[in-house]
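Two complexes, one shared chain (chain A), two partners (chain B, chain C).
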Partner chain A sequence: MLDTLIAGLLHGNVYALVAVGISLVFGVSNVVNFAHFSIFGLGSMLAWWFTVEFGWPFWVTIPAVLAITGALGFVINLTVVRPLARFLPIAALLATYAVSQILDNLSQFAFGPRVRPFPDILPTDDLQLGGLRIGTSDVAMFATTIVVMAVLGAYLKWGKSGRAIRATSQDPDAALQMGIPVGRIQHLSFIIASALGGLAGVFVALYTGTVSPTSGLTTGLTAFVAATLGGLGSMVGAVVGGFVLGVVEAFGIAWLGDGVRDIITFTILLLVLVIRPGGLFGRTPLISTEPLTGTFLGRGRPIRLRWWGIAIALVTGGVLVPLFADAYLLTVGTQVLVYAIIGAAFTVTTGQAGVIALGQAGPIALGAYASALLTTALGWPFWVALPAAGLIAAIIASVLSFPIWGVKGHYISIATLGIGIVIVALIRVAEPITRGAYGIYGIPAPSIGDLVLSAPLAYYLIDLAVLVVTLVIVRQLRRSHLGRVIASVGSDEIAALASGVRVRDYKALAFAISAFFAGVGGSLLAHQYTYIDPALFSIPMSLLVLTIVVLGGVNVPFGAVIGSLVLIGALEVLRVAPEIRVILYGLALILIVRFRPGGVWVRRA
Partner chain B sequence: MSEIRNARRAPQEPTAAIAPGAADAAPVLDVRDLERRFAGLRAVDGVSFTVGRGEVVSIIGPNGSGKTTTLNLVTGVIPPHGGEIRLEGRRIDRLDPASIAEAGVARTFQNGRVFGALTVADNIEVGMHATLRAARPFRRLSRAFLLRWIPLLAELWLALVPTRAVRRERAAAADRVEAELGRFGQRLGPRRDDFAYTLSYANRRRTEIARALALGPTLLVLDEPTAGMNQSETAEVLEQLLELKAAGQTMLLVEHKLDLVMTVSDRVIVMDGGRIIAEGRPEDVRRDPAVVEAYLGRRREPYAGEGI
Partner chain C sequence: MSRIARRSLLGGAAALSIAALTALSGCSLSATTGPSPDASAGSTDPVYFGVSAPLTGNLAEYGRLWQQGFELALEKVNAEGGIDGRPVELVWEDSQSDPKQSTAVAQKFVADERIIAELGDFSSNASIAASPIYSAGGLVQFGFTNSNPDFTLKGDEYQWSTSLTQDFFQDWNAQIAKEYADTVAVVYQETDWGKGAFEYFKAAAEEIGLDIVYSSAFLPDSTDFRPILIQARDAQPEAFVHIGYGPDGALIANQLRDVGYDGPFFGGQNTPEFTEAAAEAAEGDIISGAFIADDPAPEVQEFVAAYKAKWPDEEPGDFNVYAYDALIVLVEAARHGGPTREGVLKGFQEVESFPSVQWGPFSFDQETRRPADPQLKEIILRDGRFVLND
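Up next, the complex of A and B:
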């Protein structure tokens, strides 16, 4: 009991440090900085690198880590956040998501993906507290956090630039009028926040005794939930949220096992967003003045394919490729087609409904598992399992996401990320059905009668047919009244409500439509791979789907085909290594939202 | 505060003259003791007024007097803290904005909120959402928990596989869109297939008005329809408002341009500090000392019970 509480407080300690950074940046820049999570992960790796590889003393390591992470925060703000945050907050969010993936993969590239032991700097079990042994190390970390928080609190309250930070956070325009250099204050906040994140990274290495280059995201997301729980923008809230979440999580895990960690975290996130979206110490605006996504959409007119364009695309895809491509190219082609299916339908959510969903790997996983289980365990034929997989994905994703559609602003994107993670966590936990981390083997190939369609050409043609059907359905939808209604939701929610459009319901419907086709795509992937496990449906997969639609144009179904051709086809044919690919996806995403936010398949207005 | 109002609440001859067929005595809009606070500030503080059938009522008042908040409360964009709002006798103050729109209230916004990613014609077509029947079956379930998926999925199905009734409704809707476009023919006609985000400020306002009218509203609520327009554009809007009025459209209007207000309104309500300080026919209100004071300034007086 007591040891669980202490473990919770120590975890909460780290969450609080990271959460304070997230809240600080959100306050002054109004951007949820996903890159912060990776900076925190990088902090651990750097600490390991300096102490173990270089043999630096610990008192040199800490300032070095703080300096590097702080500088990195500055660079991220300068190059990515600041240019975007002013006119396109959602693009800034996307860009930091991309930066986070880039940093994680660079770190993995530089240090290798292994989990490594981190040495004990201070004794870890030399003290007696009640019936419990704790270490000087733990006490030192705790004390450091308290001192850091106290100093930060005093600085924000009395320091000149500290007060400027608070002023900027309350009203950047008014702050600018008062002669506060808002730009510099934002830089400063990023530096402070990132250094705190680096410190938290060192602490987590000390506490767990291990480091790995991809540890940042999970802990970072938890810290983000802590910041939301406390109220984004509130420092006190971040600290309280951090400790509360640490303790709740510790008890939850002690009670239900480690598999439920993500589920607990994101259940808390959803509860906060639905019950008290401003968090414990924050406020939510009554009427959102900024139609957040409208600006992102109105960036050009989609290029319309004329009949000869459609004819060329169909002849190339349906005749030339099948006739002349070898097995390897056809396999690449099936990947391109499956992601084009998922992406084309994803534009209904991202483009029309204006919800930038960050966890689309979730519904894909649902479809893949549904189809795999229906065919292996129940012996259903592929042809029945395929649409069933879509339905199951749509239903489960809709059930899990039903509370989030009333959530405002960027929170809805984060909630969808949470849902993606929860889905995969549930699949992992549901071991009796899904065989957990072992995955499912021997998923059968489609067959007609006795003819087994396991050749690459067969897969290619099936996927092409499904893609054509998907594009026809999405097009039909866009041309209907319903399609316009969904698009009105993405353009301006308040005005849509005033026209009698039930905004939440149509967002939910759009997401269900996208989830259906994501499920269908997942089913196609599962039958081609013949083996699936939860690790396949990772955050990079969500990033890939999102990048595909952003590249082609979030509101342009055919753009997803282009996006998929570029991001999967081209990179595969050029034989780019997987880790580098994620970095390229990230870079592509940043460059597009920065320089061509409407996507490539549009004519500039 | 109610003395002045009661003193000025006289039978409205113009209403009767314009809508002779309206036999029912119940006003289209009946607002009673409406209240809304923002963190201690009483933005709307016990406001009561009515709008009769075919009547055009304008709310004027200095900035921050609670005009737009009143409109937001009537249209459900923000919930009231007290009081009652009735539309044709039916209470609407607890309804969500979509349901209020379905009940027959359409509105425009102060800063011209159009659907940027849709064309002008499509903007207007979305305005007809609440009026569609064939394309939206089982509509009564759309507020029921979980069962709301039935109308949603039915609507999706009919969008993909339209029945004959749906096609007929689509054609009727297209005609209605053309009719609304025709109202602003010179201005919106050439832009009908342009995305709304490319429109000028004035054209956004026109698109908004057309979209609101597409609902065929019982009550049309206009929040500063001529804000940001120059004189000739304002005169154009005035013409259109007079046309609508002649056609019997009931309107509630917030506007700063007094000439327009005085020309188009049957009755004018003057607000200041969240309360109604005067109400009556335009020519009477214009001469009211309280109104002159609110607009031109007043002697310094200690405020009791105001503010935080």
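Up next, the complex of A and C:
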């Protein structure tokens, strides 16, 4: 009992230190910054490099890591976040995701993929606490956490530039009018947060004992939950949140085993967001946009497809590609089409209802599993299982996400991300039904009579047909009365509320519609892979769908087709250089977002 | 555009699609065996094998170890004149060992007529997902690290593997643990591989009277295992068993000592990721080995010498050997049956004895399409290196 508490506090200390930096960067600069996780991982790798390869002592390594990660934060803000945040915050989010991909892979490229032991630059097992051996390193980390929290908290409260950071985060325009150099202040907060990320990376490596180039995301995401638990923007909250999360996690894991760790962590996140949306120490976030200012998500107007445009698209997709493409291109084509289906449907949630939903992998997984189980266990034909999978995905996803629609601001993105992770984890745990981590093999191909449609061409044509149906339905929905009500929620939530629109319900409905098609897409994927397991439905899958939606234009269903073509087609084309393809992919993503921030398929306003 | 015009357009497109569908349905809507190019005798064009492997992502280290093993095997094979005087080359595709990418890679290889056989993928699920595509394309899928019995069991004549299966490994592991203890605590990876392995371990343990007093799964991306290790410690097992990979094995061994457990540790892998990071904590760890560097057998010493000449700062490990053996076996099969897709299959079915570093000469059990009657070596961790346990 006592030992578990101590173990929880030790791990909580890690979360606390990482969470302080995250709280600063998320709460103060108002950008969900995925690159921060990579900077934190890079901090570990750099510390390893300096101490092992160069033999630098501890007191030289730390400032070097701080300087490099701080400088990197500056470069990221200068080149990626700031130019994009002006257009569309979500574009900045995606760009930081691209940066994180680039950093992780550059790090892997430079240092090799190996997991390496991290040198004991401070003793890690020289003290005894209860039944546990701890180290001077743990004490030093705790002291660092407290000092960072106190100094940063005081700086933000009383320091001149610290107050300017807060003012900038609350209202950049007003801050600018008051004479605050907003640009420089934003740079400053990025530099501080990134340097802190690097510092945390060193201590986490010391705590874990090993380093690898891709270690940032899991710890980073959990620390992010800790920061949310404490209240984003609050330094004390981040530290308390870190320790609370560490202890609750430790007892949960001790009780239920580590196999359900992700469910424990993200259920805590969802409970906090629903019960106390501002976290333990933060203010309950008010609505993040001002009413009646026309907070249209995408800039510019969609390019309208004329009849000949539709004709060209249909002839190309429906006749030319099937006639001339080989099996490999058709397989890539099926992926493009399925993601286009899912992306087009999510324009309803993201564009019309204005909810930057993440966690798309949840409903996709529900659809895939529903279809796989209905066909393998119950022997249903594919053609019946396909729509059923959509319905099941819509119903289960709606029930599970029901409590979160009152969550405001960009907390809703975090909440939907949590829902997605929990759904997939529940599928993994429900082993008697879903076969859990073993996955389901032998998902049958669709068939008409005796003709088994197992070739890439058949899947391609089926997917194309479903895509056309999806686009027509989504388009009709946009033009209907219901569609316009949903759009009113997205354009101006307060005005919609004042007009008697039940905002929460319409957001939930929009999500259910999107989830239906995501489920259909999941079913198509399952029958093409013939094998599924929970690991397929990962966070990157959710981000891919969101990227496709944003790239095409959040309010343009057809844009999702273009987005899917660019992102999935591009990833395949970039196969020419396996080791750097993820890096090229990230670069391409940044360039597209940079020069067409409203989406590829829109005309500039 | 008017509604009617749009409707008729959609209708037209649907009709066109259906026309294309029916026109092509006779041959290409069902996956069928693709043609294989004739081997032109006397040609000096290279012979190509496809490799579907994790080159990026969190399993990329295994891809790197494969690359080393293949490189050594290629040098050996091509120095001997390749296959009928034609040099052997590899076509690499990165799958991240992810089933949705390994299936795309499979399509690519099947469509590429130069490729006469495929090596990989790393994880069983990535391989199994791609199996129907390789079988349909008439391409031998050589999943030489796929320890899940289902890979060959659920596959057909095109799925072959030199990997021993988990039931075999875990039976062996349980017996080793039983020699040192009557009660054990077990932790295993929450993946198809880890859970399957644990089930086999549990069955074997029950049979020989080894009592499992605590068990827990852990997620592959976990880094802090203290909460479950404290529970394991408090169950007072006489030994501790880890079923997982190298990196998590190293963390668990170290943290196990941090929570004050002193009993024997069995687990980890013979990879530098494990031996370097867990040298002290896992001292005395006994596992089964495919090979051991100080084995005097000539094929082992030839391999070790070649490896050390190229990478003097590294130690050869199991995954280098798996890859090295796999390529040599595949070349042997192609030499026998001829450098075509059918020829490779014929080679696997007909060659009586294949060379290997792991077991010396061996043959395939034609029923299971796995090595017949394999022997495991008992290896023990001493001073940060695995050596033969006498």
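One rule holds in what follows: the second predicted complex is superposed on the first by the 445 of 605 C-alpha atoms of A that agree within 3 Å, B and C clash if a C-alpha of one lies under 4 Å from a C-alpha of the other, contacts with A are read in each partner's own complex, and residues count from 1 in each chain.
FYI, contacts are C-beta pairs under 8 Å (C-beta built on N, C-alpha and C of every residue); 3 or more make two chains touch, one makes a residue touch a chain.
Bear in mind that the values here come from a model prediction, so they are computed numbers and not experimental data.
Room for both chain B and chain C is found when the two structures are superposed via chain A, with no clash between them. In the superposition on chain A, A:177 makes contact with neither chain B nor chain C.
In the superposition on chain A, contact of A:316 is made with neither chain B nor chain C.
By the touch criterion stated above, A:442 is placed in contact with chain C alone, chain B being left untouched. Vertex at the C-alpha centre of chain A, arms toward the centres of chain B and chain C: the angle is 160 degrees, rounded to a multiple of 10.
Of the two partners, chain B and chain C, it is C that touches more residues of chain A. When the shared chain is aligned, chain C comes close enough to touch A:3, but chain B does not. When the shared chain is aligned, chain C comes close enough to touch A:533, but chain B does not. In the overlay built on the shared chain, the residue A:458 is in contact with chain C alone; chain B does not reach it.
Contact with chain B, but none with chain C, is seen for A:495 once the two complexes are overlaid on the shared chain.
Of all C-alpha pairs spanning chain B and chain C in the superposed arrangement, the closest lie 15 Å apart.
In the superposition on chain A, none of the residues of chain A is touched both by chain B in one structure and by chain C in the other.
Those residues of chain A that touch chain B in the shared complex are 286-287, 291, 294-295, 297-298, 301, 351-352, 473, 476-477, 480-485, 487-488, 490-492, 494-503, 505-506, 508-509, 513, 555, 605. Chain A meets chain C in the complex at residues 3-4, 7-8, 10-11, 14, 105, 108, 112-117, 125, 131-134, 208-210, 212, 214-215, 217-219, 249-251, 253-254, 257-259, 261-262, 306-307, 310-311, 314-315, 318-319, 322-323, 326-328, 330-332, 335, 428, 436-439, 441-442, 451-458, 461, 464-465, 468, 472, 525, 528-533, 535-536, 572, 575, 578-579, 581-582. Across the complex, chain A is touched by residues 38, 72, 75-78, 96-99, 101-102, 106-107, 109, 113-118, 122-123, 125-127, 129-130, 132, 135, 142, 148, 152-153, 155-156, 159-160, 162, 170, 173, 195-198, 208, 211-212, 215 of chain B. Those residues of chain C lying in contact with chain A across their complex are 1, 5-6, 9-10, 13-14, 16-17, 20-21, 24-25, 28-32, 55-58, 60-61, 63-64, 92-94, 98-100, 103-104, 107-108, 110-111, 125, 128-129, 132, 136, 150, 154, 187, 190-192, 194-196, 216-219, 221-228, 230-231, 233, 246-247, 250-251, 254, 257-260, 272-273, 276-277.
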